[in-house]
Every structure is written in structure tokens, then in C-alpha cells.
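Next up: the structures, one after another.
Here come two complexes built around chain A, the first alongside chain B, the second alongside chain C.
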Partner chain A sequence: MATRPKTLLERHYALLGLALIAPTVLVFCAVIVYPLISAIYLSLFSIFTPTLEGEWVGLANYRELLTSGDFWSALRVNLIWTIGTLTLQIVAGVGMALILHQNIWFRSLARSLILFPYFVSTVVAVLVWKWLFNDLYGILNHLMMTAGIIDWPIDYLGMMPNALISVILVGAWKYFPFVVIAVLARLQTIPDALYEAARIDGAGPVARFFDVTLPQLRDVLVVIIMLRAIWDFKEFDLIFLLTGGGPVNSTETLPLLVYKEAFALNQMGMASAYAVVMMLIMLVFMILYVRRTRSVDGA
Partner chain B sequence: MIRKIAFNLFAWALVLAVAFPLFWMLVTSVKPQFELFRRPPTILPETWTFEHYIGLLKETNFLNYFWNSIILSTTTTLIVVAIATIGAYSLVRFKYRGRETLAFLVLFTYLLPSVVLILPLYLMLVQLGLSNTITSLVIAYTTFALPYALWLLRSFMAGIPEDLESAALVDGATRLGAFRDVILPQLLPGIISTALFTFILSWNEYLFALVLVNSDEARPLTTGVMNMLVSSFNIEWSLLMAASVMMSVPLIIVFAFLQSYLTRGFGAGGVKG
Partner chain C sequence: MADVTFSNVQKHFGAFRAVQDLNLDIREGEFVSLLGPSGCGKTTTLRMLAGLEFPTSGEIRIGDRVVNDVAPGKRDIAMVFQSYALYPHMTVGENIAYPLKKRGVEKAERARMLKDTADMLQLTPLLRRKPRELSGGQQQRVALGRALVRDPKVFLLDEPLSNLDAKLRGHMRAELIELHRRLGRTMVYVTHDQLEAMTMSDRIAVMEGGKLQQFAPPQEVYREPSNRFVAGFIGTPGMTIIDGALSGSPGAWRFDAPGISVEARHLGPDAAEGAASMGVRPEALTIGTGDTPATLRLVEQTGHENIVVVSIGDIRMTGRTTPDKVWSPGEEVMISIDPDMPHFFADGPNGKRLNAKPSPRGNEPSHSLSNLSEVSP
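And then the complex of A and B:
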């Protein structure tokens, strides 16, 4: 088809197509491509944030970053947070989706209630959880003490390892509904005939889950895991608002470190270097996801 | 039968446990301050009061922040959805060089962390003299909202049968005429979904608002309400819970009337396995 000369109409259409995409391209260049390139450029300078004046330092920021403990500690926390919260999200999400797939009472109300944490602002979620976690008057300590699980009120956010565990749990609570909805949509397309066949073969509920449901869910789960891994890895609001990276820096992930370098330590260049390295790490996941989506699209 | 009831009770116990923090937010917001410190805590308020809501509206900057958030989110949504609708039409239905690369770039930016863009954007907006304005936030919000909206609308657009458009063209409609009369009505549910998602994303955004705006005139709800927590000497939890409830009002409206559009958006948002 490439050899056929283009007709006038086709050429006209191609121009129209370009005109329609032009606003998108312009905005993309201005607010995404240009900042992305300047982020890399900035990372080669040492810039004092309040005056925005700086000098060329080349790769010194990167050298300092890789030899400083901050980066490695933040990366470690970042990975623990991502893996921890993602695992909980997947397990809770698949479990809840299986439950909501059954014909329970007031199913649509139950689904709305489950969905709500995902859409509620992180600020709201954090305020509510801070109140639940409150050491003196929080309901959580009260319930746990009444149930006899703990003898003394717990400091949920001010001590380690509690702080990291709390952050992971709140993250799971906030984001597992995403998994629920995505899995639920897939569950509804599994043909009943597959379950019938398994039942005739004498498979119990557990065997049916592992032999029928799970293989059918495999593809959607891979996509969900990649997407959520990317989003959890770059999460800023939830961790920043809950603990601010503390106590000391034990819940400080890479995005928080970028913010701290830029606006608390006033090292804009160094912060850019952190951001660029963080993006490089994420690039691995991003390329995996993009490649997969493209192959699904093409099929 | 008994198994069915037991399963239902079990399922609802889990659902209520997940929803409990939100229930507790509502309950706390209508309790008088002294009742918060009761041991054991009262599950339902003994005395109902709306004094925190009245105080929030009268004595704090809440309404000002609320109004800023409305303007900010509406403007962002209108601009982004308009650009993304014609952009998605072009990406799906036209053939030109670089189209595939562009689609790939959109998906890539959809996953990009804000933290990478925020430092250069901050510098750019300071140099343009736009810092501390709602405009600066609208510009910053397009960085995440536009790729998102484009990606969503692209899948919705792909779901519209091409025959419809071809039929209109055979009948003598121009390309843009066919877009207006055939594609747009078909795409409307998708546009509504995308607009709702974009609005909610902008409404909830925190990081850009934190970095770019440092004055009460332009501050949206997210950073505004957080400031109320940080700046108060002794924390008034009932007031903060009332603020949280009020902040979720647009969301509650969407949930009550337009929830099907939200779930539809999920299916289109790249999670088609």
C-alpha cells in the first residue's frame, strides 16, 4: 500500500489529522517534554532554591547521590513500601472481588462502599486515619485494648517499625479498590461453562479457584500489578502527609527525598538528580507495561 | 440456607470494616468536641451538632479554598477534555507518520512521576511570574490530566464502529461534520467518564498545590485543609472531620448519581487484560 500514490483526499485527511493533534502536541511539548529535558539539565547544576542561582557541576550530583547513604536508604524504603502495599492490595483486592462477585445482599451498595476509599482525596484519607491512629483518643487503640491485643496505647506513626507498617496498611486500604474493580470486571466475563465442567469433574470450590478462576485472571493481574507497582513506587501524598518521611527518615521514599532536597534543603540541582535516577528505575517497569499494552493492542 | 446467611454476614462484616474509617469521619464531624474525649468512645453521637460545619464555613477560609478548587478543577477538566477529545479522534481515526510514536508517548507520560516534572515546572512558572496563581495550577495539572484523558478517550474512541463514520461520509458529510454529528454523540458517555475522572484527579491533587501555591487567595482545598491541621495549636478533630466530609461532597454526588460512568472509565483505563 506504500507504493500507491496518495489521493488528494487522503492527503487532505492526513493534514486534518495533524491539525487535530496539534494542540495536544503543543501542550505536551510545553508542560512535559520541555520540563523533562530541563530536569536532566538541572541535575548537572548546583542550584540554591530561594535565589534559583546555580553553577555547573557536571556529574558531581550523581556521584554524591550514589555514594550517600540517603539514596540507598530511600530506595530500600521505597521497595519495602511498594512490595508490601502492592502485595496486600492484590490479595485483598482479589479476595474482595470474589466476594462481591457472589450474589450478596445489597451488592451495589457494598460495591460503592468498597470503591469509596479509592476516589476519596488522599488528604481526607490521611486526616481520617490520623484521627483513628490518635494515641490518646483514637478508636483503634481503644478497640485493640478492649480486644486484649495490646496492653498500652500504640504510637502508630511516630515509631519504627510501626510507622512503615501503618503507611503500608493505609496505602493498601486506599488503593485495593482499584484491584477489586478491575478483577470484578474480568470475573464477569469468565464463561459459566468452565465452572460447570470443573464441577462435573468433581472439583471443589478451592480447586475451581486454582484451576479455573486464577488462570483466567492471570492476564489482567499482570497488567494490574505492573500499573500499581508504577503508581505505588511514585506515591508521594500518602506517605508525605502521614509521616512526612519520619520518624527521622525511616519512611522516606525517593519522591519524598526529591521534595526534601528541593524545598527543605534548597538543593534544586541535587533534587533533580534524585528525580532523574528515580525515573530511570521506574523506566524498567514503564517499558514493560508499555510493551505489553502495545502487544495486546496489536492483537 | 444457613451457609448463605453466614456468607452474607461475613461479606458485609468485611465491607463495613473497609468503610469504617469513612463512617467514623461522619460520626466525629457531628459530635460535640467534649464527646470526642469520652472513654469508652460513643459509637453514635449522644448529642448531634452541626456547629463544626457552621464554624468551618463562617470562621475559616474553607469556603475560599472550596471555591478555588471548584474553579481549578472545572477549568482543568474543560481544557483537558476539549484537547483530548480531538486529539483522541486524530490518534484513532487518522493516518499520518508518527501517529504510533505519539500514542506510545501518551502512555509513557501517563505513567511518569510528577516529582520529575515538578522542579522544572516550578522554575518555569516562577520565571513566567505565574507562581501563586490558580493559572499555574491549571498548567501543572495538565501534565497528568491530559495524558490520562487522552488514554481513556482513545479506548472509548476505538470502541465506536468505523462504519458509522464511513456511512456519514458516503452521505456527503465532511470529516468534521461526521465528527460532530456521528462520533460526538456516540462518544458522549466516554467524555462524561473522562471528565469525571479528570475532575476528581484535579480535586484531589496535593503535590503541585503544595509546591506552586503559597497564598490563601489561590490555595485549593487539599493544601488549605492540611494547613488548618498544621497551623492549629490544639487540633480540633471534629472540625477537621467536618472539613473532610465537605471536601468529599462532589465525590458523594458523583457516587450517588453517576457511578456507572466511573466503573466504565475503569474498564477503558488500560486495564483490559
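And then the complex of A and C:
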């Protein structure tokens, strides 16, 4: 490093930079770093939630967590949910984006309608779906029985594997518009000339999708998958409101387990331990995401 | 034998008529340029031939086959796009071989054809690169390679040189001429650069406002422009077109405009008394001697000659002189117009040519053309 003395202007700019970044750093510390550290700290205690009194137990919470069946079952459900709903989101999202990218006459209307599930609040969405799914008066059962597909009403949310499938489907319905928007934005930047060249080169519609569209979508899909994987993995409200983790604990994912430990079983320390483990798992996604976006930028 | 035929082709975009009543017979192995100002329908015409745009009415044939309903991939054509349209995620080699792959050419054969094409275009060292790692000129050659590799019946090129710098453009122009000579394939070339059209084509189709104005070899387009638009469009510096009137009778016509009165020789049977216009190419104008007084307005020194603008009243005319003449703007000079060289057109912006065929005394074609190519920027 050259030790050239800094000019007044340079020092001025350095101070200004510091002043501008300081609020962000402070807020970041208050809302992210502090809770993070206190969660790690709490996870080392056995705490009774209502009084928040507790005693030091060291790593006992983690030991119990890793040896209990609850954690592994929740992790399994969590992975099935994440992979299932994410796959559906991507397939439906890309498919819908391709359709909306065509010159269909109701395109702009369809484009706004498609965003509806993403914008509607989770509580409202869940209420609507619960009503649709209802085994006594739900429209889904009614229609299927009228059409003669089924003889008896199906219990969509109270039985396995129906409950998990229903949750995955509603999750896909709620979040696929995000994929649609991102993919559609990218589709619009692919030059028409590429498709025309491919047509002249003898590529049919399928070949054009795989040889022109998909390679162009690759980067944006990687980012979408990473982001959605992180978001789906920690999804709480949709599952909690739809099934509450039931029947029994067959749709109980890690976030629901954290909630249960903290507020149903009143084990704040144990809940913190779950939260910390969850965070470590998501850290893996996060590292992948950061590396990936960096290499995309660098390309 | 006609290789590409447009019969009464129309193309409307809504109420807008992009191409009107197009009739064009392109011979096998011919290099044809579609030339015209921006928006005249050149690209639309080419895209209809490629199958990327459908004619509103009329018929397009390639060989003996009507291709109106044939998909672009089945027309036995190849196209080079102005933007090159290389597949960005494929290497140069994959780009060039792509049309072969899509046509089910087997691997060994594909490799051989790729090698031939790459050798011909000197792309062999670049085969493993991605398009974004290439210069504009190299990308252009890859696009050309992708078109050449499968030896189609007709090549379509839409302003393939317009994204290159002037020097490279000159170089690629020569390469394309050489390529056409070697392959002997029919090529349809869209350009708005008349120098490209003049130097490369067997015949030029000059278009304006969606209509074909003239379809003839370059020298004929230059020497016998079929109407006033073509006359004004072709040539650098452009032809001076003077509005005036014809009077007299066959064999003894005169053309009069304010400050100018010349004998109008070589008029054909279409000539009639009344409003008309006269076109004077710079080489038909003599500056410094003559019987018509004019005022010197502007002298542009290009190095090997001077481009001189003179005015007679409101009429401005462009001429050229040798560079050793020293003029200063504002000076009064005498000029004369070679009576054998002017072109005459009927009234109106697209007024028909009135000169008799064959054209008046030669206009020294080689001289005119070489001037054109040297003067163009």
C-alpha cells in the first residue's frame, strides 16, 4: 500500500461514506445480529417460556434434538415439502410464462390475473383453500362427485398423504407467480432473431425451447431456485394455517416445530436450538446462492 | 431460369402497405441486391422470402415450388441476420453445425462439413470460442458460416455488413464477392448502402415506399435510371434534379428552367410539352468554362478531386473538378452542361424516364462507377 497522505477531499469522502452507511449497519445489527446471537445464547439454556427463567444446560438441547425422532421427521417433511412445492412452482411458472409470452389476445389481462395468488395474503388464501377443500361442503369434492370421479368425499387435509400433497399444491399455487414474473422478464429480453435463425436452421418448437429458450433462462432459473428454496424451506404461515402440522405431525416442518417448542411446549431453549440448526441448513443454500450469483455476475 | 420469383406480392401490416405489387424474377446463381432508403420494405421482402413473414397476397416461388405455405426450415434457404443472431451459449463450432444437426446429418459427416466451412472462412482457430469472445467481424463470419455450411439453394443476407467499421466492411465486401463467385449460389442481399449494391450485385432492385422502382444491372441503374427517384437515389454525390418544362417537338426539344436553357437531346417517344425535370450528374457539369453564369457556393476537397456546388438562382447543382483548381465561395463562374448527358423525367417525384433507349452517349460507365466507389465514404 502506498502511504501517500490522503487529501482533504479524500478524507471528506471517507467520512461521508461512513456516515451514509452507518444507519444501515446499526439497523442490521439491531434486527439481525442481536437476535442471531441471542438465539445461539438461548439455545444453551433450558428456558420456561412464560417466565423466561432458565438454567445453563450447555449443548444438551442439541444432543436431545439430534437424538429425538421429532427433528428427523420434521426435517424429512421439510425436504419433501420444499422439493415438491419448488418443483411444481418451477414447472408451472415456466410453463405459464411461456404461454403468457405468446401473442394471445387476453395477454395483459392474464398477466395481471396470474399475479393474484402471490399478492393475496396467506391468511385469506388459506381460508379460501380450506373452504374449497372442505370434505362436507367443499366445492372440490362436490364437483368431483358430480362428475362421478369419486364416490365418497375425500378428506384433503385430515389424512395422509392427502394433507402433505394439498399443502404442497397450495404452496405451488401461492408462489408460482413469482417464477412467472421473473421468467417472463427474462423471456422478453431474448432477441426474436434467435428464434428466427433457429427456424431457418430447421429447429421445431421443441428444439427451439431446448436450444434457444432454456439456455437463456438458465441463469435466472438458478437464482429463482435458490431464492425459492430458501423461502420455501422456512415457510411457516401457509402450512401452520392450513394443517397446523397435522394430522398428528405428518405435515410438521422445522419452522412449525420451532413454534411448537417455544409456545406450545414452552421450551424456549429447545426452540432456539431448532432455530439455530435450521439456520445452519439454510446457510448451505445461502452460500450456494451467493457463490452462484457471483459467478453469474463475473461471467 | 428463374430461381426466385415474386408474383404480385403484397404485404400489409394492418392498413400500412409495406410491400406493394412486387414482381421480381431472380435468376439462378444471381447476386441481387435490394436497395432503398430506410423503411422501403427491403427487410420485409427478404423475410417473406425466408418464410418469417407471410405475404398478404401474391405468390413466392423458389425454383418451381410455391413456398407461400412452406416453413422457413424447409425452404432450402439460409439467412444471415443483421444482428448475426448467433446462439450465445453454443461455441462457434456448435453454431455453425447447428443447421446440420437439426437436419439429421450424421456426426462424422457433420464434422467434415464443419471443417470445410471453417477452413474456407478462416474460423478454424476460433471453433471452441463462444460468440461473445469474438470481434464483430469474426461474429459476422460465423453467421456466414452457419449459412454456408449446408449449401442451400438461396442465401439471404440482411445488411450483414452494417455493424462493421468502414475498413472491415470493404474487406468483407470483397470476400462476399469472391464467395459468391466460388459458390455460384443465388444470393439476395439487402442493403441501404448503394456502394455495396453497386459493387457486388449482378442486378439491383431499387425500392421505395414498398414499390419496386427499377430492377437492372448496376451500370444500367446508374446510366438509365428508370425514374426520378432512382436517379436521385443512386450516385454520390447525387444527381442534381432541376424542375422545369419541355418545349418544342420531337427532334427539337428544349428544356427551360429559371436561369437555364438547354437543348434536350435523345428524348424518347414519351416526351411531351409541359412540366418535366432534368437530372444532371456531377460529371455532366463543366465548371469554369461555358455560357451559363453561376455562383460558386461550396467547395469540398476530397483529395483527388473537388466537389463543387454552384447555384443559378434557386437551383443548386453539384459538379466535380480536378483538385488543382482554386475556387473560393461566392465567386462568379461560368458553367456548361454537356447536352448529351442529362436525364429527363416526367413531372412528379417518381416521374418516368423520358430519354430514348438506348441511353445517350455512353456516360462513360467505367469512369462513372469508379468515381462512385472512390467518393463514397
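Here are some notes:
Assume the second predicted complex is superposed on the first by the 288 of 299 C-alpha atoms of A that agree within 3 Å, B and C clash if a C-alpha of one lies under 4 Å from a C-alpha of the other, contacts with A are read in each partner's own complex, and residues count from 1 in each chain.
Just so it is clear, a residue touches a chain if its C-beta (ideal position, glycine included) is under 8 Å from a C-beta of that chain, and two chains touch if they have at least 3 such contacts.
Every value quoted in this text rests on a predicted model; they were computed, and no experiment measured them.
Following the overlay on chain A, a side-by-side fit with no clash is recorded for the pair chain B and chain C.
Contacts of A:Val284 after superposition: neither chain B nor chain C is touched.
After overlaying the two complexes on the shared chain, residue contacts for A:Val258 are found with chain B alone; chain C is out of touch. Note on chain A: of its two partners chain C and chain B, the one contacting more of its residues is B. Vertex at the C-alpha centre of chain A, arms toward the centres of chain B and chain C: the angle is 80 degrees, rounded to a multiple of 10. In the superposed model, A:Ala203 makes contact with chain C only, not with chain B.
Once the two complexes are overlaid on the shared chain, A:Ile150 sits clear of chain B and of chain C alike.
When both complexes are overlaid on chain A, the residue A:Val91 reaches neither chain B nor chain C.
In the superposed model, A:Val31 makes contact with chain B only, not with chain C. Closest approach of chain B to chain C, taken over C-alpha atoms in the A-based superposition, is 14 Å. Within chain A, no residue touches chain B in one complex and chain C in the other.
Those residues of chain B that touch chain A in the complex are listed here as 7-8, 11-12, 14-16, 18-19, 21-22, 24-25, 28, 36-37, 39-41, 83-84, 86-87, 89-91, 93-96, 99, 102, 104-105, 107-109, 111-117, 119-124, 126, 139-140, 142-143, 146-147, 150, 175-176, 200, 203-204, 206-207, 211, 221-222, 225-226, 229, 237, 240-241, 243-244, 247-248, 251, 254-255, 259, 262-263, 266-267, 270-273. For chain A in complex with chain B, the residues that touch the partner chain are 10, 13-14, 16-18, 20-21, 23-25, 27-28, 31-32, 34-36, 38-39, 42, 52, 96, 99-100, 102, 104-105, 110, 112-117, 119-125, 127-129, 131-132, 134, 137, 139, 142, 146, 173, 178, 181-182, 185-186, 217, 219-224, 227, 230, 233-234, 236-237, 240-241, 254-255, 258-259, 262-263, 268, 271-272, 275-276, 278-279, 282, 285-286, 289-290, 293-294, 296. Interface residues of chain C facing chain A in the complex, by the touch rule stated above, are 50-52, 71-74, 77-79, 81, 83, 85, 87-89, 98-99, 102-103, 146. Interface of chain A with chain C (complex): residues 191, 193-194, 196-204, 207, 211-212, 215-216, 218.
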